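What follows is a short report on a single structure.
Chains here go by letter, A, B and C, matching the order in which they are written, and residues are numbered from 1 within each.
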């Protein structure tokens, strides 16, 4: 964490491609970034979601990053910037930086098999267990109570937070972060029915996690029965995400918490799955698809679409059908009225007939 | 576990505010509490859910707590009491008490940084790892394979079951219980899009868990990006619950298993979320709201209401719309009949015309 | 892993009840089994799901197991067999076998209470903790960072993968496998309301897991409040499955990932619950029922049926109602047309009247 003046910050943002201008005191020194609600004197905040605009007048922050044209209630220094969310991200990185990990060297209280290779500057905490033929690259941090099973391979700059289990033969790229409690490479639900019981199919495939992936806490990512389960480069998962055996997830995807992907599903690049989405096995989701919370993907999805519902369909169509369901009482009333009118008309016609 | 006669138990219940009378043998000694189905001779059971009334005649329990007016099939001693569920709870506490934890002192096989402070009578198991500047209060129990990262603060009488991870800077109140495998304070899913990739936003906020909270197994509770994630005093979670960064959960809430709360959501006090409920970020749920299983909360919910469905709406309205959907085949039939009748009428009118 | 010729494999399959014939080179030696997509020269693959039929022409496998009548694109040796999925399972077992576990003996770095009994050939890894009065059978493998609490009983041939927690008094049968991060026997969500707060009910029951059960990673299976939670013999769970206190799950069931069963529910034998299914407490699901993904079981289900939806109903009926909802815009149009036609008819009748 390092102090910075608003003038310095403005220049830093400009250098990083965020055009901005300072409305107020450029000499003001900023100690931390905080929310509009929690910020104190000397801190910087931001306005991005218009939902929180009313809080600008109430914040105790000394400065905020806000879109051009945002009203200054007075007393605040404002950095006007077209993309406040991206600019505050840059400001947080500048002022706070990323977490510094403890440095354990290779702890004497870790159990590391003699056949394992550990790269330079890699830090292995107490109570880590590393089995034969594991290969770990340079500058990695392995927190306590992690287990890395035989033959697993980790690249450089990998972080495993505490209580992570890596099964045998798993392959993990460089700059991968795995949060606490996550399990990588366990057997999938692979059984063949045999005389009313389930016969276990040996799960002889592996899992491969590519570079720059970050996985949340308490996820569980299956190895493949045969071949590979793949998590593509740059993809990010939140907590409690589950991926079935043999699934292939593309690059730069984002899966929100509690998403579940069944075995052998193929998910394209830049796919966003919101919280609690479920995806059936053996299907394909196209690049850039966005699937809304709690949707259940039961068939292939085209690229670039937005989807909702269980089964997941085109978002607009889904919202219309929800709306139509809410209008069902009205429809029933119209049908009842029609029935009454038809009865009236029939009576009128009968009357005319008998008139003659 | 201590034996008690039914007379003693009746007096104990009365002292605790549960008016009751004993129908049968007050001298009978009770050794344990059990279900109607599993109870054996010498054990006490209870009838609360009327669904199980038929089992009273079949139970092998020697005594049961039941509502006034419950038929005695004979051979059973009955304690009649207006609230059998609360009374059996008191009886379980009287006869069985709560779990006694092992006493390890501060194990020599734990790794405790010299700068950490550990309160009186706190028990630290083997293979616990505690980083610098951690502060733990008195009478706590930290089970094996827990990791408590730098700067975390725990109050008095805290229990961490095995394999719990507490991230750096997390704050946990007094009388908090966290079940095995749960992760507290990991980074949330905070990224800004940058040139088709995801740029990680340092997660510099923290999580604060207030007093008297109990968290189930394998939950994952994010730290905040900025400011705090909060779990309010007295709130209870079941297993597999996930809370996103910056969410604020009120006091005395109850979240059933696999609930997911997205970032920055605000949940009021005494809110009950049933199993697998999902809550979108940046919205507000009012005090005392009850949300039914698998519901998806996509907009603010008023206090005191009951809600169901995805998107969650008023429960009565939701049940009516489900009913209406089930009646759709009938509606289609009525429309077809109307079409037929209209065609008939048109023909009749045409016939009358041509008659002239 | 052992090499085998196709002739040997064909004979082995026939012995195991899979009639087959070899179309091609019986002398060909097979080194491994793989998917059609990933297989290389010298490997065996299979065609079971017709969705992948087109890949037979493109595979680099040297041989495949396929249904009788499958076209041979040339260059492939085919083993024709009526049930290719079961046959490839047998072939994987023959060629690859099951995972071999490390042999630690009873590690000096494990903490095993003097009162615990450990069976012959059971392997206890470093950093395992075993409390008083635990009984573990023969030929078990307990991986690092597992904790087995006081009085728990494990049968023979049990495997606990890393970071598994077994709570006090849990009972686990023989040939049970529990994957990493899973928690067995924690307290359920048992509280009685008392003056606007939640009073914890001591959870004095236990959990019993019968023989031949396999549990995925990061599951959480509650002990009972009173009596037992039961997981029946031969049942298999995927990852992230949660079972509430006092639930009884039958034999040879299969629960796909993220299934949640609430307390006191009774699930019959051979029940299949697909991913993310939720089951309300205190209800009963009959033998052989199949419940589709994301369904919410809110009432008893008959044996042998197939169910879908939330609330879960008969599958055919559910699919029809989904279809009907999609047809709502069409129904609305028909109603509008009817209203128009009725107005026309009324006008015609009025005209005829005034004609007279």
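One rule holds for everything that comes next: contacts are C-beta pairs under 8 Å (C-beta built on N, C-alpha and C of every residue); 3 or more make two chains touch, one makes a residue touch a chain.
Since we're looking at a predicted model, the values are computed, not measured.
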*Copy pair chain B, chain C: interface residue numbering same or different (half cut)*: different
*Between copies chain A and chain B, what's the superposition rotation on C-alpha atoms, in steps of 5 degrees?*
120
_Interchain centroid distance [CA atoms averaged], chain B/chain C, Å_ = 25
_Junction residues of chain C - those touching two or more other chains_ = 127, 145, 163, 181, 218, 240, 258, 276, 294, 310, 325, 328, 331, 335, 338, 342, 345, 349, 352
*In the complex, go through chain B and note every residue touching chain C.*
32-35, 37-38, 45, 49, 51, 85-86, 89, 92-93, 96-99, 102, 109, 125-127, 143-145, 161-163, 179-181, 212, 214, 216-218, 234, 236-240, 252, 254, 256-258, 270, 275-276, 293-294, 322, 325-326, 328-329, 331-332, 335, 338-339, 342, 345-346, 349, 352-353, 356
_Contact footprint of chain A on chain B as seen in their complex_ = 111, 127, 129, 131, 145, 147, 150, 163, 165, 167-168, 181-183, 186-189, 191-192, 194, 196-202, 204, 218-220, 222, 224, 226-228, 240, 242, 244, 246, 258, 260, 262, 276, 278, 280, 282, 294, 296, 298, 310-311, 320-321, 324-325, 327-328, 331, 334-335, 338, 341-342, 345, 348-349, 352, 355
